[in-house]
Amino acid sequence: MKFAILVNEGPYNHQAADSAYRFTQAALEKGHEVFRVFFYYDGVYNANRLQEPQSDDRNVGKLWSELAEAHGLDLVVCVAAGLRRGIKEENLAPGFRISGLGQLIEAGIQADRLVTFGD
Amino acid sequence: MLLHTVNKSPYERNCLDSCLKHAVKGAGILLYEDAVYAAIKGSTAAARVADATADHAVYVLEADLKARGMDAANVVDGVKVVDYGGFVDLCTEFSAVQAWL
Amino acid sequence: MEDETDVGVVKKFMYVNRKAPYGTIYALEVLEMVLISAAFDQDVHLAFLDDGLYQIKKGQDTKPLGMKNFSPTYRALEGYDIEKLYVEKESMEERGLTPEDFVVDVEVISRADMATLMDEMDVVLSA
Amino acid sequence: MLLHTVNKSPYERNCLDSCLKHAVKGAGILLYEDAVYAAIKGSTAAARVADATADHAVYVLEADLKARGMDAANVVDGVKVVDYGGFVDLCTEFSAVQAWL
Amino acid sequence: MEDETDVGVVKKFMYVNRKAPYGTIYALEVLEMVLISAAFDQDVHLAFLDDGLYQIKKGQDTKPLGMKNFSPTYRALEGYDIEKLYVEKESMEERGLTPEDFVVDVEVISRADMATLMDEMDVVLSA
Amino acid sequence: MKFAILVNEGPYNHQAADSAYRFTQAALEKGHEVFRVFFYYDGVYNANRLQEPQSDDRNVGKLWSELAEAHGLDLVVCVAAGLRRGIKEENLAPGFRISGLGQLIEAGIQADRLVTFGD
């Protein structure tokens, strides 16, 4: 099946980002296609490449970047939500791209299921 | 038929209650993150979840139970414990997924 | 945009609004999403339940807060052919609101009908 | 005596209820942001706020009422409408401030 | 740090924990704040009420989530002379918890006593 | 009177940041001293200097920077919370400084009142 994932919250403060990551990983392991992961609202902070958690903690941004690298995932950050909060090309982590909200609607149309993780 | 997901504590927010009022007979309900507390026997929320099992397939995410020190053996009767793979399967079995945020 | 919008599929989309405006940004950013969705020729539904009803309350004046009052934008939805706006009756009554309190024309439906409507959707977006 | 602040909707979260259970007689309660909805007559939350005025000085922030299209004339009897300057004054009048987040 | 900590004033500080761990970061970052506060020789109180009680539940195993299990740290507080930990009885009973469920020794007090204690504080920190 | 302000949430997503700003402004107008404004949890995002909201919206980071400039306010971003989320010297808005949590405890001790704004 074809999944689209919507991430509404930033890393660390809410488990939503971790849950979305684990779900995406599980869907891929089951052989499903993940059409797109879209980052909206505070979710855009997942793409901040300057995240530097303590050494015994996970780096949520890096987890996404690695998953994208390994599976050719399409990680899309909403341009409007990102601009407002200051997530732009200059601080974007590897594997993410910035685009419009239309990419989310398109994902909703193209995917068989859209699954939202938020607060 | 929808799969409803709830991720907030039943004591802190109205998400579970609102979900239960809107899930049609036969719809699925998955409790994860802080919502797993609702599925634990002996709590005041447990009765609502037990009632819900009459009309709905109710699931709880194992990893979130474990993280919170909640024993899967203590989950309300009729609630099924699933892992992340099971969460993915549920999404495929129901027609769409609604998150009660 | 052309090839994005021309996908030949029409799905039932529902935007579920359960949160009050201003206290959090969700109401505003959902509305921005709804406006974009107009370009895709989908079957769009807006549901207002729980605190979401407050989003379309008349008389909002955000000047003292220095925030943008986006409530007039709901009136612009009609121009984008987004006309299926549903308010849940029980949520309305709990808050002491009436259909005259809203900035847009809405269809007031029962909680049971809202539940049935939700269950018919292909894509449910909530925040 | 504490000033308690509540900024969440009484329908969405347990903050107001928990605050009301913990405010001692004579303590102040300020409703602002989404909590102002609790102070509006005719809503199901209004009764709780009206009861609270018997034991507490209850305040509501004007700018947040206005932003939400709520009329100050519709506020529960006994609840005082204050501006941001009034919020500051309240903080000085009570001994400390507890935010119910 | 010397001149920061040597202020000659001892205030009653209370850290109010009302939220569950892991779903949000507040429990962890409040705990980091409590640890830092130990250097300031203040009269520190930790209150666990509502979902905050879940923070000190025994048997937490976060490996499947890839998150840090910080519950053992509550046991280290004693070594920093932070020993005033209060759990609200009513919150405990609503959740079907007992004093044996907690990773640390706590004093279980009634809601009325919690209210009185809170009101005696000079600084209340909550999240 | 001497106030300390604690900001728990980031800009835009939660009104907490705006409320803290308006409160601080009102306290200063009343002639009170604001000893320090401390940014913790997602509150550290207030200090992201890349914020670029739409032209008809307020820029929360800029409002803080301007208030600090006008009143010599001490705006302190928690170093640990900031590192985790990727708010560092390189993306810090003018008027903010990065320091430890001890600065918050000290503010609680030194100020007559500590007022918290959060979610």
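Letters A, B, C, D, E and F name the chains as they come in the text, with residue numbers starting at 1 for each one.
Quick note on the criterion: a contact is a pair of C-beta atoms (placed from the backbone, for glycine too) under 8 Å apart; a residue touches a chain by one contact, two chains touch by 3 or more.
Computed from a prediction, not measured in an experiment: that's the story for all the values here.
Peer 1: Strictly by the touch rule at the top, which chains does subunit D share as contacts with subunit E?
Peer 2: In this structure, the chains that contact subunit E and also subunit D are B, F.
Peer 1: Name, by label, each chain that touches both members of the pair subunit E and subunit F.
Peer 2: A, D
Peer 1: Taking contacts as defined above, which has more of them, A-E or C-D?
Peer 2: It is C-D, judged by the count of C-beta pairs in contact.
Peer 1: Where the centre means the average of the CA atoms, what chain is farthest from subunit E?
Peer 2: Result for the farthest chain: C.
Peer 1: Among all chains, whose Cα centre is located farthest from the one for subunit A?
Peer 2: D
Peer 1: Where the centres are mean C-alpha positions, what is the separation of subunit B from subunit D, in Å?
Peer 2: Comparing mean C-alpha positions, subunit D is 33 Å from subunit B.
Peer 1: Where the centres are mean C-alpha positions, what is the separation of subunit A from subunit C, in Å?
Peer 2: Averaging C-alpha atoms per chain gives centres 25 Å apart.
Peer 1: Roughly how far is subunit A from subunit D, going centre to centre by Cα mean, in whole Å?
Peer 2: It comes to 38 Å between the two C-alpha centres.
Peer 1: Round to the nearest whole Å and give the separation of the Cα centres of subunit B and subunit E.
Peer 2: 28
Peer 1: Hey, what residues on subunit C touch two or more of the other chains?
Peer 2: 22-25, 50, 65, 67, 123-124, 126-127
Peer 1: For subunit F, write out the residues touching at least two other chains, lowest number first.
Peer 2: Expected reply: 8, 12-13, 15, 22, 41, 54, 57, 80, 114, 116, 118-119.
Peer 1: Would you please write down the residue numbers of subunit D that are in contact with two or more other chains?
Peer 2: 7-8, 11-12, 14, 33-34, 63, 96-97, 99, 101
Peer 1: Once the touch criterion is applied, which pairs of chains come out as touching?
Peer 2: Per the contact definition above, the touching pairs are A-B, A-C, A-E, A-F, B-C, B-D, B-E, C-D, C-F, D-E, D-F, E-F.
Peer 1: In their complex, what parts of subunit F are in touch with subunit E?
Peer 2: Subunit F residues touching subunit E: 6, 8, 40-41, 80-81, 100-106, 108-110, 114, 116, 118.
Peer 1: Spell out the residues on subunit F that touch subunit D in their complex, using ranges where they run on.
Peer 2: 1, 3, 8, 15-16, 19, 22-23, 25-27, 29-30, 32, 112-119
Peer 1: Spell out the part of subunit B that touches subunit E in their complex, as residue ranges.
Peer 2: On the subunit B side, the touching residues are 7-9, 11-12, 33-34, 37, 40-44, 46, 62-64, 66-71.
Peer 1: Spell out the part of subunit C that touches subunit D in their complex, as residue ranges.
Peer 2: 19-24, 50-51, 54, 57-65, 67, 69, 71, 94-96
Peer 1: Within their complex, state which residues of subunit E touch subunit F.
Peer 2: Subunit E reaches subunit F through residues 1, 4-5, 7, 9, 11, 13, 25-26, 29, 32-33, 36-37, 39-40, 42, 123-127.
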